[in-house]
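Chains here go by letter, A, B and C, matching the order in which they are written, and residues are numbered from 1 within each.
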Amino acid sequence: MTKEWKPRIVAFFCNWCTYTAADLAGVSRLQYATNIRVIRLMCSGRVDPQFILEAFARGADGVLIGGCHPFDCHYVEGNYKCLRRYEMLKRLLADMGIEAGRIRLEWISAAEGDKVKRVVNEMSETILKLGPLGLPKKFEQWDMEMEHFAEQVARKEAAAGCGCAAHAAAAGAEPQTRETTHA
Amino acid sequence: MKYSYFPGCSLKGLGRAYEESLLPVMAHLGVEVQELPDWNCCGATAYMSVDEGRASVLAARNLAIAQRMGLSVMAPCSACYLVLNKTQHNLAEYPAMRQTVDRALGAVNLTLKGEVPVRHPLDVLTNDIGLEAIRQKVTHPLRLMGEVTEKAADGTLVRRTGVRPLKVVPYYGCQIVRPYATFDDKNDPTTMDRLIEALGAEVVTDYRLKTKCCGGSLTGTVPDAGLRLVYILLKEALKHGADCIVTVCPLCQYNLDAFHAQIASRYEPVRIPTVYFSQLMGLAFGLPARELGLHRGVVPMPALAGPEAVAAAQPAVA
Amino acid sequence: MSAKQEEIRIGFYVCHCGHNIGKTVNCPEVAKFVATLPHVVHSVDYKYMCSDPGQELIRLDIQQHKLNRVVVASCSPLLHEHTFRGACAAAGLNPYYFQMVNIREHDSWVHADNPVEATEKAKALAQAAVERVAQHKALEVKRVPIHQDVLIVGGGIAGIHAALTIANSFENTPDSGKPPRKVYLVEREPSIGGHMAKFDKTFPTLDCAACILTPKMSEVGAHENIELMTYSEVAKMDGYVGNYTVTVRHKPRYIIADLCTGCQDCISHCVVQPEKSPKLMAANEFNEGLDKRRPVYIPFPQATPQIVLIDPMVCLNFRKGVLTDKCKKSCVTACGEKKAIDFTQKETTEELKVGTIIVATGFKAFDSRRKPEYGYGVYPNVYTALEVERLVNASGPTGGHVVLRDGRTKPKTIGIIHCVGSRDERTHKWCSRVCCMYSLKLAHLLHEHTGAEMYNFYIDIRTPGKGYEEFYGKLLEEGVNFIRGRVGEVTDWAMTPEEEGKLVIRVEDTLAGMVRRIPVDMVVLATGLEPQADAQEVRRIFNMSCGTEGFFLERHPKLAPVNTFTDGIFIAGACQGPRDIPDTVAQAGAAAAEAMALISRGFVEQEPNTAFILDAECSGCKSCIPLCPYTAILFDEARKKAYINEALCKGCGTCVASCPSGSIVQNLFEDDQVFSEIHGVLAYD
């Protein structure tokens, strides 16, 4: 891909507040960064941490979650659950080396079209500064490394002459299974 | 408590009574005050309207000197107070102006980083020293000998000579509340009202003109406009039965005090003394009147009843 | 119908929406791109998809191309998802095999300067939808029967009109042969009537407000199908669409309602008499505090119901609301054999079962103290508009004589200041819509009562209704002085001898180009309308949203002004935004009609996005049980599995996200569907 990198942010917006606010931003013709792609859910409580991880894994550079303000969730408390999961997920992401600025949770009410614009623009800038996350490429690379890893180790040890199953296999001998070794 | 002190041109000139009364009062309250060394004119309202950039440099120099002293600045003159605050606002909001000022200050080996707190004496007295501490230093509550009306034992009203509190109109002028109302309400400030009460005097609470313009320099340049404003301020004070007006600004004090002849001939006589709040404080602390610059006013203050007279007279008001 | 059992054939439509999308997003390019995606057999662009021909196109293509999935990229699904689902259903395709892409509100309208990137974004979003829709399953809409009783919250003109409209409908006539539809009207004041009961005359016809209102109030009070609950508030709302259980709290009047005849002997015999103990009286709320009332009182002479009440904060028999038994209770003696007074009465609660709710809780007048420069509360002769309504009213505190606060002086000049609190960056940005008209009305009435010289200080004169501009013309002929300028301040200090003793209005007369000082005897503040003080609490009870200004939010500002986002809950009148009486009545009628339409249909359709548990996979860990705010998830102790009560599930998906084994599935928002959307939105680089 020789194209200039542009940040890609996946957003999970709750139907009642944030999605409506984004519609309002549209109706008000507020202009904001193009880097965002919205996925509509009924409630921010539906946001499974797996969605966020999947988004990063598929190439998202940032993930934005939008829900109703505390007290205002259409389903009473979904946003609180989202908040709890988000707090825990942030730590997990940090451990995986994904910078804190790449994930953001915002409470945006149905009347706050301008907040949508502000948050999207801010996040775009943040991600621009952080640079691409590029997980799909990294996965590809690691997969390739893992494929060749076995061969490399086998070659090294063959050179050193240690005689374990891996070498035998690399050298073309039949793989030793539990049955064959015990036979 | 220690503050650096920016007198500005007026407190060394026309408004010297302000300095003469404020410094002893501060000392009396145990507040250390250190004049800014080598301070320069702040530019006042005039220069700001002519060239905001240059005026900011002028004012910023004082701030830089104050920052070097490491103390908050106390600026009693209303114009100085406003200009210093306005300069800091401008520097924070306009990077271009900041650059100009930094360059100019740099040329004389001065720097101004961030902000220097600029405080008004009313702010310091009310919030840092506290009215309770002031109340405790009052040895001569501001009282007058005068006619008092009271109810006799049989229920009839009688008039007699007695002791009553000095009735004071609190006049703030415009510059310490507009455009920045930092330590008081911009429509109805009350710091000076409460201070006056702490001194044992009676405040005129419904003086609606307490933040209305006195005319500023217009009394000299466009007397038709300026003197009319002064006339109304004085007339309303008299209408509320005040004994004196108390103010915070040298120009206000001058306008209200020095034009009685012209006002009498244009409109009608409205003689009432105008003094600084620090002068009233000095009187309440028992400091000698002469040392408070009270002789510099045009309309003299009425003689206050001393503690002996208060004790001797039948107390009409406790 | 599983997606695996037959070939998936997706039809994709991208709408130009005239210029709205077409000007920025290159629709043909998007259609061409989508045609290359797997399972897409038909991909076109079209000018107006939501129009009849557009929908017809979908219907025909489904049959012609044997489509079994449809994706439309156009405006917001909140607007037209329903429309296109209908088109699919009309062609015999399950409507839930449809997915919508928002490339207008979320794309063309917000990236107008970036046509290239907007088109790229449209492609990404379209791919997401195409991948998602392949995972969709056929679903059936749930039909929930709707309870036929109606709750109306708020007894002002809106609530009254809605109540009468519904209570008089066909089902409630003897001919219908059906059980009558009951209307509950809950009002928190002791009487219905709202703000309109306080007005003197209404613009522009100068009809007497009480004369047109009180017949309706009596009708409500006497109607056998309206259960009137005054001095009551809604505490809680439970249940689900079409089947609400509402808890109503009845505040104690300390009067047994059924026994009170409204004779008011208790009032005239109360120990607290205005001549003897004026300090023990309370400010009369109905007269805006201009006079006082006794502890036992009736809010106003035409109050409905005609039942008195006792104010425990003022009554001598209580101390700050707590019964002390200190008073000699001459009221009880006066009541005699009726025995209607009961000091031990307590607050009670009641549960109502209703199918639809109309919220008509009205507005609150702007508090003039927030504009201290106008001197309200500082200068005695500055009045609010509502105070003046009571002054000019013949049944008001002064019997209709307009006099100043001293009770004697007739004002000779009066200034009316428009836009107090409205059109103001520091208080409320909005225009309160009715103040110009009522200021004109008051100018007319005050002049009529006093012969005073009238001044109206305005920014614009807004007369949008029928007969309104003509009314303004009449006032111009009456010689009212109109000065265009926002008043800077009202003050009492005089610049000239003529101004001594008067209130001076300082204003820039923008048409004359000068600053003026107008001395007047009386100042009237045309205060704006704002949401009720407890609007936030009320909206949470009914699960509604509020707009930025704090008024209740309608589903769509143009096409659904009386609906909320919840089916079966409607709003009407000033609680939705400032409006005059004709518009309020119209909205009340609209809400009533919509409620009745819903009830006569007999059912409400529930979006089939509920969750269900895959029995085989549930491990019985119970993580999901405490998460549901509607207690829709239950645990079967015998089988050690959780299960969901579909009727209670509202489809939020919180439990779905929490299940550690992924055994909870949400219809329409399955994990796989969302995963494919994520994949699709990022696949296109």
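Assume a contact is a pair of C-beta atoms (placed from the backbone, for glycine too) under 8 Å apart; a residue touches a chain by one contact, two chains touch by 3 or more.
Keep in mind that what you see is a predicted model, and the values were worked out from it rather than measured.
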item: Smallest count of steps, each to a touching chain, taking chain A to chain B; value: 2
item: Pair of chains with maximal C-beta contact number; value: A-C
item: Separation of chain A from chain B, taking each centre as the mean of its C-alpha atoms, in whole Å; value: 64
item: Between chain A and chain C, centroid-to-centroid distance (C-alpha), Å; value: 41
item: Whole-Å gap between the CA centroids of chain B and chain C; value: 52
item: Parts of chain B lying in touch with chain C, wherever the complex brings them together; value: 187-188, 208-209, 228, 232, 236
item: Chain C to chain B touching residues, read off their complex; value: 372-373, 491-495
item: Chain A partner contacts - residues on chain C that touch it in the complex; value: 76-78, 102, 104-106, 109-114, 117-118, 120-121, 124-125, 128, 540, 543, 545-548, 553, 565, 609, 627, 629-630, 650-654, 656-658, 666, 669, 671, 674-675, 677-679, 681-683, 685
item: Chain A to chain C touching residues, read off their complex; value: 1, 3, 6, 8, 10, 15-17, 19-20, 22-23, 25-27, 29-32, 34, 37-43, 45-51, 54-55, 58-60, 71-72, 74-78, 81, 85, 109-112, 117
